[in-house]
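Two complexes, one shared chain (chain A), two partners (chain B, chain C).
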Partner chain A sequence: MSDSNYSVRHILIGVWTAAVLMFVFLPSATILIASMTASRYFTFPITAFGFDWWSKTINSLEVRSLAYTSLSIAAVVTVIAVVLGFFGALAFARYDWRGRKLYQKFILLPIFFPQSVLGLALLLWFNALGFTLSWKTAVLAHLVWIAPVVTLVMAIQVYSFDPSLEEAATDLGASRWQTFREVTLPVLMPGIFSGSLFAFLLSWGNFPLSLFTTGADNTLPKYLYAKMVAGYTPGVPVLGTISTAAAAIVLFGGYVAMLLLTRNRKAAL
Partner chain B sequence: MTAMSKPILQLKNVRKAFGTLAAVDDVNLSIGEGEFFTIVGPSGSGKTTLIRMLAGMEKPTSGDILLHDKRINDTPANERPTCMVFQSLALFPHRTVGQNIEFALKIRNVDPAVREKRARELMQQLHLPADYYSKNVTLCSGGERQRVALARALAFDPQILFFDEPLSAIDYKLRKTLEKELKDIHRETGKTFVYITHSLEEAMVMSDRIGVMRRGKLIQVGSPNEIYSTPRSRFVSEFMGDVNVIPVEANGAGSVRSQSLGASFKVPANSVEAKAQCLVVRPEFLRFLDTPAEAQNSLKGILYNEYALGSRIQYQVRVGEKVFLVEKLRQQPFKGKLDDEVLIGWDPENAILVADE
Partner chain C sequence: MSGDSSFLAQPGRRAAIPIMVLLLLGFVAPLLAVVGFSFMPPRTFGLWHEPSLENYERIFSDNTYVSLLWSLGLASLTVVLLALICYPVAYGLVRVFGRWSTALTLLFTIPLIVSENIRLYGWVLFFIKGGVLPGTLKALFGVEMGDFLFTPAAVLFGMVYVYLPFMLFPMTLGIAMVPNQMREAARDLGATRWQVFREVELPLSTPGLMIGSLLTFVLAVGAIAEAKVLGGQRIIPITHDIEIAFTYAQNWPLGAALAVLLMLVVSVLVLTVLKRFDLDQILGKR
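Here is the complex of A and B:
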């Protein structure tokens, strides 16, 4: 192959990659631009830029309470989903037991349920059981969908786990608990970490399940929707930008933490 | 080692069944203190199941395993004073070389300074560079990983060391080096080594005694020399490497007859038994003859091909349908060319009669 062919191919790959990234990121960038308007209404292109809506939104008590509720739900969901998902993943990928094949199929089904239908079904259940709807019922609702996702994410890591590592630790005198603490848990740590990132971000951005199950409590995605339908202000794109940025920071922070973790492992004692 | 020392490990009628299949079937064995004992067999012969029972990772279905005359069937692996080097090595990927070696000592709450001193001693003994102490174990080469795994097991200070085919994934040249190193370590430590392999060649190099397994049964136990020179069955003789096997039947005192070759052969008089038998002649005991009078048994064949095996050369000689392998040292003169008619022969004391099983 000649040099010119080679460079043409490289240019095409570059153009294609840029186009795909534009397609994926341009809509989110538009939100950022829409948030920087001085006008009261939702117009595009923007005629006058201003940051009034940013300061209004950041100083709003209502927004702080929304963020707090979303954060609480995401935090609790993460902790519970990671515990459920970790042991679920061991059952999924590590141990051979009767009914495992069936479990593997059924545990993944909720991922593909339409979430709005799942939310409605959960709402019916919560009413039937006499639960008062609040952010706590939203946690339960999120878990129904997120725990299977986390199980799947962690199972991928568990599949690459060599069971003889545990046997070797036991053979070297470790008790069950010591084996778990010294070998199983740290070796599976990257999977636990990515599982918890998934749990947090999927809960943080979830709208359809929250819509039906939060009751009087309000989450960021739910508030954004309500404001969009009735009572739009440029505070909506501001909040949307903040919400997206928060997710990006969590993701990027997680990535950096992961890098540090693996580097520490490879460095000196 | 010829005379067996005091037994450290005894197996009595040990059996392990998975469903209806007996992976290990009625094995009796006694392993002496300080012995290098190797269990050899093809895959599926039950050798891995056997060593896993000895190490405490499987429980026998029936029978007894005795360590220093005490029954240990139900003692879990972490309470047994034995240690295993795994086929996958099972090194902890999230730990450094030093942390891997020190694992057993950390579990016992040994002081970190003492742990490090012991780890560094072992690293030196096993020719691991000192600066590997803080290197991540996943960055080590295959041979280095073998040494780390051995050091980790030795740090445990076990009474018996088990090896589950640890060298099977290593290339030939390095494997040969490590086999010898392992035997040296055995001498230096004086510990009992129990080794599993599918390669009888590997077993021969290292072992004091060898046990051959087939279909869950231990079919012959003996020194490498005994296994090599007096195999009890066709299976053991063929497992040893290239051999010439001629199905024969008894033909009076000191003689057997091969139907397919239409010839009779002289054998040592007391070796003939009635049941179906095979005559085994190793390639190195077969030689090219100028006249039939040079050996007590001879056959005429065609020189079909030759294979250079380093210090030796192996020839394929066809006698009718039957293929014979003849080996000679490279420096021994031989003028035969391919497609020549050649005469091959052997003396009765160089052939073995074995059961056809």
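Here is the complex of A and C:
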């Protein structure tokens, strides 16, 4: 009796999970459908399909420059966040030092903070310092939020790192730099990898921080928001789809690359 | 060696410096500036004026605090709804789906990387007149759907949608922390399914639940895109008031005072909850 109860419960959990997943993907599916209409306004069911808006959007110089800005911000944020996060994670999880517990909680604070308020606070701060808002100030703003996230992601990897590996290398006569390059870095590679993936994607899609800190430079999410509020064209769902697809490709590409990486490592051992 | 006694002798401390510098300049300093501005006279743009409490008085005499109540109320509702929605899913990811869990988790991660306003706009096109849902209802059943968009319920719906992963993932971690033997032992000792849940599962997975709720609440209280995209300005959340004060109204001190009120609520919550946890234990140090 309890066995059949058990499986009924499992089926219910499965059905519920499927429903939640559908809920999660419904808006993206809607965006995809809306991007394939030929008419100026979206009505469902679609009567005339067409891809004019796709070619129009892809060939638009404005869109290209937006994508370029978003990409530059994400790239610079990734590089800096990974460096900061790498050392931050070592301090978080690898070394024992006085003040570490406090430091761990301090690192969490920007993550547990409303992003829009952070964006506005930075707007005020940059203004008070006399900075002109541009994509560079947006990089700073993204970093305040993304560097702690990357630190946490990498810290999880660092926790599983056995410090005696480093000691063994030193005992065998490796210099500090050699130990770092030959032992620490390769072992922590998966963490560095997933950290940079997170950094890039979170920056690419960020809206609340970019909204207040990019000044005259526009990112894709910010531009899309402006278009949603005033001046809808089917270009909005097209661009939304492209941005989503780009992020998904990076995510899955990264996932596959990571699988291959760990497999190669295992084969080499 | 005399260097050992210096502040930077410990390697952990040295490694912490770069990110600490970033957070001091990019997080602590701006927040201090906000606090400072909140005590400046209205419509001033410097920190050298005589401090005053005028902004705070105005918030309470002008009913501006109503928007703070809206934000807090919506965020609390979001947390409760998400806890109910996510628990079975998180439980499934840890205990039921086995080798499918990784793939499912990846699927749940994807929305995180898509800008929230794009996804919210998907809901606009879904619910709008002539959109996916009303269009389908009309084509199939000839039923006209009432307006859902641009209502407080739509804003709540959007918040539940956007912050789902932030509840789900910490919850999954929390449930994974409950040792299987504990549950089995409780079963063997004759506990009913409900008792196992209430006496073993729930208390032991509390850290994950608390962190998920905290994260969701904090992010939801700062929600701005939901009310803009789905709410059609019907609801004015506190973040909207702060934004208006900082931008169109050019009244930094008022905006700063509002931000300080919100920060107070958030930091009291975050600090009390975080104080109770040992992060080494949660994140996996043995």
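Everything that follows uses one rule, which is that the second predicted complex is superposed on the first by the 247 of 269 C-alpha atoms of A that agree within 3 Å, B and C clash if a C-alpha of one lies under 4 Å from a C-alpha of the other, contacts with A are read in each partner's own complex, and residues count from 1 in each chain.
Quick note on the criterion: contacts are C-beta pairs under 8 Å (C-beta built on N, C-alpha and C of every residue); 3 or more make two chains touch, one makes a residue touch a chain.
Only a predicted model underlies this, so the values are computations on that prediction, with no experimental measurement involved.
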Room on chain A for both chain B and chain C (clash or fit): fit
Which superposed partner A:45 touches (first chain B, second chain C, both, neither): second
Contacts of A:228 with chain B and chain C, given as first, second, both or neither: second
Contacts of A:168 with chain B and chain C, given as first, second, both or neither: first
Following superposition on chain A: angle at chain A, chain B versus chain C, Cα, nearest 10°: 90
Larger contact residue set on chain A - chain B or chain C: C
First (chain B), second (chain C), both or neither touched by A:91: second
Shortest CA-CA distance between chain B and chain C [superposed frame, angstrom]: 11
Contact residues of chain A, present in both the chain B and the chain C interface: none
Chain A residues within the chain C interface of the complex: 5, 10, 12-14, 16-17, 20-21, 23-31, 33-34, 41-45, 83-85, 87-88, 90-91, 93-101, 103-118, 120-125, 128, 140-141, 143-144, 147-148, 151-152, 155-156, 159-160, 201-202, 204-208, 211-212, 220-221, 224-225, 228-229, 236-237, 240, 243-244, 247-248, 250-251, 255
Chain B-touching residues of chain A, taken from the complex the two chains share: 162, 164-165, 167-175, 178, 182-183, 186-187, 189, 265-269
Residue ranges of chain B in contact with chain A within the complex: 55-57, 76-78, 82-84, 86-88, 90, 92-96, 98-99, 103-104, 106-108, 134, 136, 139, 152-153, 156
Interfacial residue positions of chain C with respect to chain A in the complex: 10-13, 15-20, 22-23, 26-27, 29-31, 33-34, 37, 47, 85-86, 88-89, 91-93, 96-97, 104, 106-126, 128, 130-132, 134-136, 139, 161, 164, 193, 214-215, 218-219, 221-225, 228-229, 239, 242-243, 246, 252, 255-256, 259, 262-263, 266, 270, 274-275, 279-280, 283-285
